[in-house]
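Letters A, B, C and D name the chains as they come in the text, with residue numbers starting at 1 for each one.
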Amino acid sequence: MNTRWDNEIWQLRETVAGLHSALTRYGLVAWTAGNVSARVPGQDLMVIKPSGVDYDDLSADNMVVCDLNGTVVDGEHSPSSDTAAHAYVYRAMPEVGGVVHTHSGYATAWAARGESIPCHLTAQADEFGGEIPAGPFALIGGDDIGKGIVATLSGHRSPAVLMRNHGVFTIGKDARAAVKAAVMCEDVARTAHLARALGPPVPMAQADIDALYHRYQNVYGQRPASTSS
Amino acid sequence: MNTRWDNEIWQLRETVAGLHSALTRYGLVAWTAGNVSARVPGQDLMVIKPSGVDYDDLSADNMVVCDLNGTVVDGEHSPSSDTAAHAYVYRAMPEVGGVVHTHSGYATAWAARGESIPCHLTAQADEFGGEIPAGPFALIGGDDIGKGIVATLSGHRSPAVLMRNHGVFTIGKDARAAVKAAVMCEDVARTAHLARALGPPVPMAQADIDALYHRYQNVYGQRPASTSS
Amino acid sequence: MNTRWDNEIWQLRETVAGLHSALTRYGLVAWTAGNVSARVPGQDLMVIKPSGVDYDDLSADNMVVCDLNGTVVDGEHSPSSDTAAHAYVYRAMPEVGGVVHTHSGYATAWAARGESIPCHLTAQADEFGGEIPAGPFALIGGDDIGKGIVATLSGHRSPAVLMRNHGVFTIGKDARAAVKAAVMCEDVARTAHLARALGPPVPMAQADIDALYHRYQNVYGQRPASTSS
Amino acid sequence: MNTRWDNEIWQLRETVAGLHSALTRYGLVAWTAGNVSARVPGQDLMVIKPSGVDYDDLSADNMVVCDLNGTVVDGEHSPSSDTAAHAYVYRAMPEVGGVVHTHSGYATAWAARGESIPCHLTAQADEFGGEIPAGPFALIGGDDIGKGIVATLSGHRSPAVLMRNHGVFTIGKDARAAVKAAVMCEDVARTAHLARALGPPVPMAQADIDALYHRYQNVYGQRPASTSS
């Protein structure tokens, strides 16, 4: 199948390639260790970063189109080594339109300790609705990482999971929302780290966290919340 | 009301849009979480960042003009979700010409613990005149944040307040002075964090803090202190 | 000997000069304290950074070609003050095609304590196959640093060694692989530092570390693992 | 006196203006809080940054020429508020050709605790010859800061002093050497901070520190050590 002549997929290739610049801009990735994907709306396909290609060299042209089993449908490169995890999430969570994976440092430090990030910040209540949960340890190479992501995030407010000893996976209604969640996850993980380093943060009331979350998901930004930025 | 043909307001739109670059340059903001506003001199109006618009996309054109109740007077976008807090400050503190809000990491870590930053640095004595005070917790959506800012900063030397579990608000005689205070607040919060992480800082005498503050407010820079940079 | 007319060496000069940009981009070096070299394949020669030249001023033209005793063969500048260490590694480890030296901050902090970095991250298992070992203290000016690098890395999975009270040396099949190892070493050292700062990381099973290492060395990227990026 | 037509002074204005870019590039300064000066060789004059002017706006044209009492000789702007300290150093230390002042974060954290940085790194032995000393607290506005700098650095190997509760002053044979010392001071202060945060660094033998210092001052770089980079 050649998807190059499908205009929607081509635009999605451009979007996915371009969104990686937020990963480098915010320092979420070193070398090539982080990736963004997007579901092709209405098709059992996804667009994902090629494996081991420099961020500076990403373009619509070298993105890879896979089916939702992770099999390459179009593209000259091998897809990200994390493709199986992305694909599993799209199969299991039909509401998800974008997935991002990073090893961003502060969030991954929480993941190395297997600790969820408790919610002591209004920004975390807004975006994550409470704690950012730690997920299980899982080896790459099958569906274990995908299963761990889905088991942790299904029914959870947070669009981010801290996979133990590994790093961050985020989801969103589209790829941009998942990238936003990855950026905010590291920002919140950093501030929470810095706060706790010098003493205990002041707890927030659950009712306040709930109020902030519901407000943010409904009124923030120029458009419906989960696509705004 | 169409304020586009008012030359002073147009210049203020350009100034406010441009000042956001200091927030990104100094790493004070992630995604769209931070905003600058300016009072329109002599009118009950303010110019403020639109909600949820990328910093790269800010320009005079998409700034929003509101009255001091936060109602949009001119602009195609929704104003910042923090508009009510900015507006409250302008209503309550007529000497304030600019307001800035960020979640800059080190300062917000102090805010998460509900701690004021004690003054152990000459740079803090210069700009803040002593401690940078912690303010109360307040929910977004009404005047509570504005009231907390005003209650903390009225009669205080510091142009910055650390709103508990939330982040930083700064004030200034104009928007540039408020941006400077936001930049210096994070710089001071970072150094104070690093100092205390390895042991107690050496206290400064109150008389020295007073002398530094009075000197800086009166003689620093090419122009009167609070507008210099 | 004038190697300027040797096309392969000229290309290697360009490669080595260009790779230094990764050291500055990732903040691994201050001023001129860090260097990259490459072995000239099939010749007893190496290309290395000139001593004390700004990173912005590096080009193919000012790289230095030395023999594997560190004697300058071609070049108008003095070679890096670390040339003897690079040369020793090339003499002792024929499989090594590139060497990098930095004082990157987090990794050098582990080196200052003389501590190896234990493996609590999948990214570390991938690239380093387990701990990143601390090496001995050695003075510059002879073969002691080279001997310490070789003694530590011979037969070790890790391409990086933390030389005590000094900094990082990394090796690779070519200069790009050694630069990648230097970038990943600092990234892993930082995350490990942040993790341990707030409590003990969760241990990883040796079998999981082994499985990750073998997979990554064999299947990651578009090309064989050690040259991919 | 109009020094614009003196070619040597004009070149020094360009050099001093340009060297400030290293302060911003390495993140040593926030807003306008840091400055570089150079002695005019063979004349009782110095070139220094204007007060409160943005780093982006510095040029040869707006540098200020002062005599060694800090009185403006040529220039349309007020000189740096730290001019008296620079001038005192030039009067007291004829071998000094450049002075730099910053509040760089890690170094200033040591200064806030009034602690010297012990030497646990070869890079520190190279550049500073041992510890980086803490200096006294001194108020701005007279010769007290200058006296504190000179009292601490006279006869000391280190070109950097950590003025208590204040920040860093560095000296060099020219302005570039002083800037290098400021960059290396923050780099060393950061690594020393990170090392000690997780445990005690391994001590270095005084003989090793001495050997490194003497070698570096005599053989490093393309030119005599104190001007190399």
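Everything below uses one rule, namely that a residue touches a chain if its C-beta (ideal position, glycine included) is under 8 Å from a C-beta of that chain, and two chains touch if they have at least 3 such contacts.
Bear in mind that the values here come from a model prediction, so they are computed numbers and not experimental data.
Novice: Using only Cα atoms to place each chain's centre, name the chain farthest from chain A.
Specialist: Comparing chain centres, D lies farthest from chain A.
Novice: Is the contact between copies chain B and chain D built from the same residues on both sides or from different ones, judged by whether over half of the numbers are shared?
Specialist: Both copies touch with mostly different residues.
Novice: Please compute the C-alpha centroid of chain B, do the same for chain C, then give the distance between them in whole Å.
Specialist: Centres of chain B and chain C (C-alpha means) sit 44 Å apart.
Novice: Could you work out how far the Cα centre of chain A sits from that of chain C, in whole Å?
Specialist: Chain centroid spacing, chain A to chain C, equals 31 Å.
Novice: Taking each residue of chain B in turn, which ones touch at least two of the other chains?
Specialist: Expected reply: 197.
Novice: How would one label the connectivity among the chains shown: line, ring, star, complete, or other?
Specialist: Graph shape, chains as nodes and touching pairs as edges: a ring.
Novice: So which chains actually touch one another? I want all the pairs, not just one.
Specialist: Pairs of chains that touch one another: A-B, A-C, B-D, C-D.
Novice: Quick check: in the complex, which residue numbers of chain D touch chain B?
Specialist: 30-33, 50-54, 77-78, 81, 103, 105-106, 108-110, 112-115, 137, 139-141, 164-167, 193, 196-197
Novice: Going by the contact rule set out above, which residues of chain B touch chain D in the complex?
Specialist: For chain B paired with chain D, touching residues are 26, 120-123, 180, 183-184, 186-187, 190-192, 194-195, 197-202, 204, 208, 211-212, 215, 219-223, 228-229.
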